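Should a chain be cited, it is by its letter among A, B, C and D, assigned in written order, with residues numbered from 1 in that chain.
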Amino acid sequence: MRVMIDLCVVPLGVGVSVSTYVAECEKILKDAGLKTNLHAYGTNIEGEWDAVFSAVKRCHEKIHEMGAPRITTTIKLGTRTDRIQTMEDKVRSVEEKLN
Amino acid sequence: MRVMIDLCVVPLGVGVSVSTYVAECEKILKDAGLKTNLHAYGTNIEGEWDAVFSAVKRCHEKIHEMGAPRITTTIKLGTRTDRIQTMEDKVRSVEEKLN
Amino acid sequence: MRVMIDLCVVPLGVGVSVSTYVAECEKILKDAGLKTNLHAYGTNIEGEWDAVFSAVKRCHEKIHEMGAPRITTTIKLGTRTDRIQTMEDKVRSVEEKLN
Amino acid sequence: MRVMIDLCVVPLGVGVSVSTYVAECEKILKDAGLKTNLHAYGTNIEGEWDAVFSAVKRCHEKIHEMGAPRITTTIKLGTRTDRIQTMEDKVRSVEEKLN
């Protein structure tokens, strides 16, 4: 099953700056061969269910290894069976209606 | 890795009433032996990472099988390595400070 | 416009324990006369749009006053025009289908 | 109080295609003079608290006027008092650590 998710990982107990942790997640997602798009409040990720969630798990493991005792993450998760829709399709579909 | 998640599954393309679909998810979560607590905007779930996400995947598969062509889900996901904390612990911790 | 929201407020830069901050939010919500239900990963809140979001803003202000330099919050927000539906209605609707 | 939010508005009861509704929200956000960035699973918005949430309310009103009987929205919301940080700052901060 193909999924599109929006992932926002927030380590707690390590101060206010979280970009070092987010950067490590980006590396994990890239190494997993997943299509991603970083934005200001998370990362869009596209791929097969198991590959995507395996990478999300690896992100949690890595951030704990880096010293964060607690993590709270928010995920939006979309699946559809009627048609294939990429990240670019979704953005383009809105933009076409704006023009 | 132990996780606590808050799951809110929303089928699209099947009208405004979603409780039939949510009820099927509740059954899947119970059948998976997971500890759950249903509230008005989602379900708290506690368990091992793989068991929890395997059940979430089964929920998506089931809702598509029931006829929903599209699903958008929101998940909050917490892990911690400093100590074990149950759902009841989290609520009690806030309530103690209110009394 | 009547809303139901699920609010999860996470202060950053104050360590791993957040229940003191959450308890202060609970007080603000109660003082605002809003109907609430605390669960293990947030708080369900029911009320008029402006009253609810005014209280959410007050929660952020209060948590910053308490010393948290950064806050990341997750809100699920539902509105409907077809009928009035309370928190209890939503839970009951699912539970009826389970029995 | 300055906020950064990530907004994802999902109308229910209007079929599987939601881009027409999302496009109307984009117009409302632009008309409100807010800084925005559309991505594949939501829109980043930056501005003053009251201006941002007033626009979000207007989005819900508009989508109901367009015929959607129910809306479920997810919002991530960040505030900080230690420093000013734009959307571009957040992305740059992660990208610098990747290079």
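Going forward, contacts are C-beta pairs under 8 Å (C-beta built on N, C-alpha and C of every residue); 3 or more make two chains touch, one makes a residue touch a chain.
Bear in mind that the values here come from a model prediction, so they are computed numbers and not experimental data.
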| item | value |
| --- | --- |
| Pair joined by the larger number of C-beta contacts - A-D, A-C | A-D |
| Shared interface numbering between chain B and chain A [over half = same, under half = different] | same |
| Whole-Å gap separating chain A and chain B, where each centre is the average of the chain's CA atoms | 19 |
| Centre-to-centre distance between chain D and chain A (centres being mean Cα positions), rounded to whole Å | 18 |
| Whole-Å gap separating chain A and chain C, where each centre is the average of the chain's CA atoms | 25 |
| Residues of chain B whose C-beta touches two or more other chains | 13, 16, 69-70, 72, 74, 76, 78, 80, 82 |
| Touching residues on chain A, where the partner in the complex is chain D | 4-6, 8, 16-17, 19-20, 22-23, 26-27, 37-42, 44, 46, 74, 76, 78, 80, 82, 87-88, 90-91, 93-98 |
| Chain A residues within the chain B interface of the complex | 1, 13, 49, 53, 57, 60-61, 64, 69-82 |
| Interface residues, chain D side, partner chain B - complex | 10, 12-13, 15-16, 18, 69-70, 72, 74 |
